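Heads up, there are several structures right after this.
Across the two complexes that follow, subunit A remains constant while its partner is subunit B and subsequently subunit C.
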Partner chain A sequence: MTHTVVVAPRDTIAREGAVRSYLRLYATLARTSIMLGFQYRVSNYFYMIGMIAEPVVYLVVWSTIARGQGGDIGGYTPGTFAAYYIVWTLVRNMNIVFTPFGWEQRIREGELSGHLARPMHPIHYDLGSFAGWKVVVIVMWLPIAAVLSLVFHPSLDPSLAQVATFAVAIWGAYLIRSMFLWMLGMITIWTTRVSAIFEAFFAAELLLSGRLLPVSLMPEWTQTLASFLPFESTFGFPITALVGPITGRELVTGLVLQMVWIAIGVGGVQVMWRRAIRAYTAVNG
Partner chain B sequence: MSTADHRMLGGIRIAWLHLRVGVMNELQYRANFVIQLIQSLVAIGTGLVVLALIFDHTDQLDGWTRPELLVVMGVFTLVGGLIGFVIEPNMGRIMGDIERGTFDYVLTKPVDSQLLASLREFRIWRLTDAIVGLVVLVWGLSQLDATFGVPEVVWFVSTLSAGTVLIYCLWLVLTTGAFWVVRMDSVQELFTGLYRAGQYPVTVYPAWLRLMLTYLVPLGFAITVPSESLTGRMTIERLVVTLGFMVVAFAVTRWFWRRGTRHYSGASA
Partner chain C sequence: MIDDNAAVSVDALRKAFQVPVREAGVAAAIKSLVHREHREVVAVHEVTFSIAPGEIVGFLGPNGAGKTTTLKMLSGLLHPTAGAVRVLGHEPWRRERDYLRRMTLVMGNRNQLQWDLPALDSFELTRAIYRLPEALFIAQRDELVDLLELGSLVNKPVRNLSLGERMKAEIANSLLHRPEILFLDEPTLGLDVPMQRRIRSFLADYNLRHGASIMLTTHYMADVEALCERVIVIHHGSILFDGPLSVLAQQFAGHKTLVVTLDEPADLSRYGEVVESSPTRTTLRIARDQTAAVTARLLSEFSVRDLTVEDPPIDDVIELAFASGTPT
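Moving on to the complex of A and B:
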């Protein structure tokens, strides 16, 4: 009895302290990467221009086809395609997380050993610093989006609920992709011949996420397959949430589905990480 | 022979040596060939799926039929392989050297610095893409009714070479920018991103973009023009413009390189 009375408040204090130190960690990481990001503006803009080439290609090709087919394919007009692929550019930026290809260097240079010595799970460091970079990305994205809109005339008319869902869903997408790419990257701890696995993953993602083409325009069996995989939650869903056509019910189920994938991702990362550190032998540990 | 000629000849000999050493080095890692092959096949597989999706909804894209777009895709992959074999690794190395200050080692050698810096590294397994691209190219051609002979092949080879040189020029100009701003590590991402646009004939794009993708980022010259020469769209004017533009671009690049190297201040210099 006395025991519980004494322990409970102490536990709460410890937990509050933990929450506060996590917040501090995230704030510091985010601030650092914001400062770094704004420092290398040329580099960042090169990166972003290289990135927008991809949706512009899709947009031009699919608009050309839509025009050739009498104005639309599956309800998508050149205007909705424009809206889809311009929103795409922001979602794609939100999707950029620590690359699985970076794990090889982490292991080879012994960076991972340093991470292991820290009190917090290393994924927090990635989540925090990439989240900070997103702020830079969003600020730098605005003029690009303005130019693209002037050139391609998107038809975009979202409701308040759509805007709100989108604002949440892009961060949900960020978390899901962070978790899954972390899992993918961790494979490097067991084998170094990973690049072919990564490429296959990215090819599947390209085709099944809505990155290439709105999933509703894909053959039916692809859509069924996509519904069992996390890809659409990270790409197609946030875009469609803003661009439509989407019902209120679909907005809610989309968000719930994102939460499910986040939970699966967090669980997967934890299980894999525990096994990975057992298998890990440091280079200069 | 003048000193410049000597420097040039010496440079070519050294580049040849670099190539041999590079090939021998990479031949030690044969498993990398299998991995590269898988990657090339994944990439081309994805491209074929995209083509299938397009022709699910239409039967021609801006006047280009399916086999013709296969030809374009073949050239796209082939040129991508050449870039990955020689252009990309060397440009990356120049940038790394400038950032670390070790570019001194290039400048102090008694050979032409542009030649040496452009032909130091070779990734032989990236030629897998070139081979896969050739296979797709031939596959596309075999589905076309068009007949072609020696002149088409000569046009194809000369425009393809000129286009690849143009891409090298652009990449080197961007890389040379590192002499002033030091950090240019996103150039590769920039280029890889823009390169995707070459998957389709540049004629598909709106006029302003088509001009950019031809004269600024020479994908039109490197991919569309060679594809046109195999699909019965070639004109003599286009051939002349391609070769002429290459000569001009090469001269400008060389001039810019000289200015850049004069501006360089190394770590120890």
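Moving on to the complex of A and C:
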């Protein structure tokens, strides 16, 4: 059956290209998030300080083991461990995205319905908002990194190519993790009993990403397994890109691999979203 | 049958949910691990109606009747199980951006504004989401701030606003893109009477200025009486009534209320059911088809100081409609 679709009057839509309108949208979302982030700067700071406990524990443990084994483990000295885990703190903060545990509340409180009533895919809201928050995070991270450097004396001497790759890779990591955690969170639309799946995902991520320790120090079979999964692209690669040791070829391969995981993530989100939206019941909101 | 000229056209619309069911007890819990049973709950059952461009329609029903589910299907949030829907020529479930830009859904108990920021910042975000040209955005924002008497409230963080002020700011935010159709789900929920009145008068004004169609669910009959010439009553997912508000009472209330004040006290119980009585003033409930005859007899047999004939209050009519389940 055919039907008439009356298009919206032109004067209600800005005459600008799609790229420009998305840039404006992302800039506004990021600006909003920055305002919120600085409004809650004290609580954000305490949150970041609390987060440091985890890498400091890893750093102390692995540095002690390295010293006990004659000065290094697999090429990592206490100085390179310090560099690894201090950079870790920034990468971890860059990796914070909308948590899959938040989806239940998002559905229950009707926030998802609110997003769906607007002419924008909700993932843009999350990507833009969390990207803005990163600006706040980076500003707040600098003094923390300075204090950690004074205490643990990192060995860090990156080349310009490493710094440039790192600058790109932390945003690549952000996009990969956003996509995969979005897919994970979307499962909540079908069933709310998903926390066990979330926990299994985070346990795998802890072991196979380079979060717990550099992947190169793991058994060979674990490294092989990690190479087939997206986790290392979100943690280990950005950190190693800056801290080294890494060749120019490995830097390029790492970035290409990140792009592959981003493409898989975007495709996965699109396919899953189309199904999720049909299954969405919006019973509570 | 879908009407392409209508703002909203709905034909045999149905929405059913699959709900998991399980009996109480450990055995049932273990059984549910391997075999989950589901029950189908029909929230909206073969609903058909249409709304003309510029029309304001009250969508009434008790809790769980299917009002919000219907609104969610019309606004593209839910995918219908069966039936056809067209809103402004679009099938809402396709969620085309052109459609979402032309409609708005306001839910009285939900908010889109950023809690910790002034409403003006949320307005800017809305501008970016809807890709509004600057001139239109400023004109529309200023008009809404003026009509809703928001003034400097838009500069305060939303968390510092009262419920009524917040609702006004929410409504302003949801109309910045000048939608052609408004789905309002209890927009006056929890507001005090003056604030309810202000929002009603704003909605009537918006409808006149922009010719927008409005579909409104509410439990406040004052909203319906002030705004809607037509109401659709839904109960258990099916439509009980669709027509002018004035006809609703005729269809569901088989009686009228007659209030008579006499010069001398008298017993009027033989003229109808006495609802309320004082020495000279009596309120009678009379069968609708007896109203003219009883009024004539009272006027001829007594010295009447005052006499009024009224339909029962709309709240009572709606209650009767829900209780009866079918039109009388």
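Note that the second predicted complex is superposed on the first by the 267 of 285 C-alpha atoms of A that agree within 3 Å, B and C clash if a C-alpha of one lies under 4 Å from a C-alpha of the other, contacts with A are read in each partner's own complex, and residues count from 1 in each chain.
The criterion applied here is as follows: a contact is a pair of C-beta atoms (placed from the backbone, for glycine too) under 8 Å apart; a residue touches a chain by one contact, two chains touch by 3 or more.
Note that this is a predicted model, so its numbers are computed, not measured.
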Inset, instruction - Based on the superposed arrangement, let me know which partner A:Arg24 touches: subunit B (first), subunit C (second), both, or neither? - result: second
Inset, instruction - With the two complexes superposed on chain A, say which partner A:Leu36 touches: subunit B (first), subunit C (second), both, or neither. - result: second
Legend entry - Touched partner set for A:Leu212, first subunit B, second subunit C, both or neither: first
Inset, instruction - With the two complexes superposed on chain A, say which partner A:Ile277 touches: subunit B (first), subunit C (second), both, or neither. - result: second
Inset, instruction - Tell me which partner A:Met120 touches in the superposition: subunit B (first), subunit C (second), both or neither. - result: second
Inset, instruction - Indicate the residue numbers of subunit A shared between its subunit B interface and its subunit C interface, in ascending order. - result: 40
Legend entry - Parts of subunit A lying in touch with subunit C, wherever the complex brings them together: 1, 3-8, 11-16, 21, 24-25, 27-29, 32, 35-36, 39-40, 109-111, 113-114, 116-120, 277-278, 280-283, 285
Legend entry - List of subunit A residues in touch with subunit B within their complex: 40, 42-44, 46-47, 49-54, 56-57, 60-61, 64-65, 68-69, 73, 151, 193, 195-196, 199-200, 203, 206-207, 212-213, 217-219
Inset, instruction - Would you tell me which residues of subunit B are touching subunit A in their complex? - result: 31, 35, 38-39, 42-43, 45-46, 49-50, 53-54, 56-58, 60-62, 181, 183-187, 189-194, 196-197, 199-200, 204-206, 209
Legend entry - Residues on subunit C engaged by subunit A in the complex (per definition of touch): 2, 4, 17, 72, 75-79, 86, 88-90, 95, 97-98, 100-102, 104-105, 107, 109-112, 114, 116-117, 121-122, 124-125, 127-134, 136, 177-178
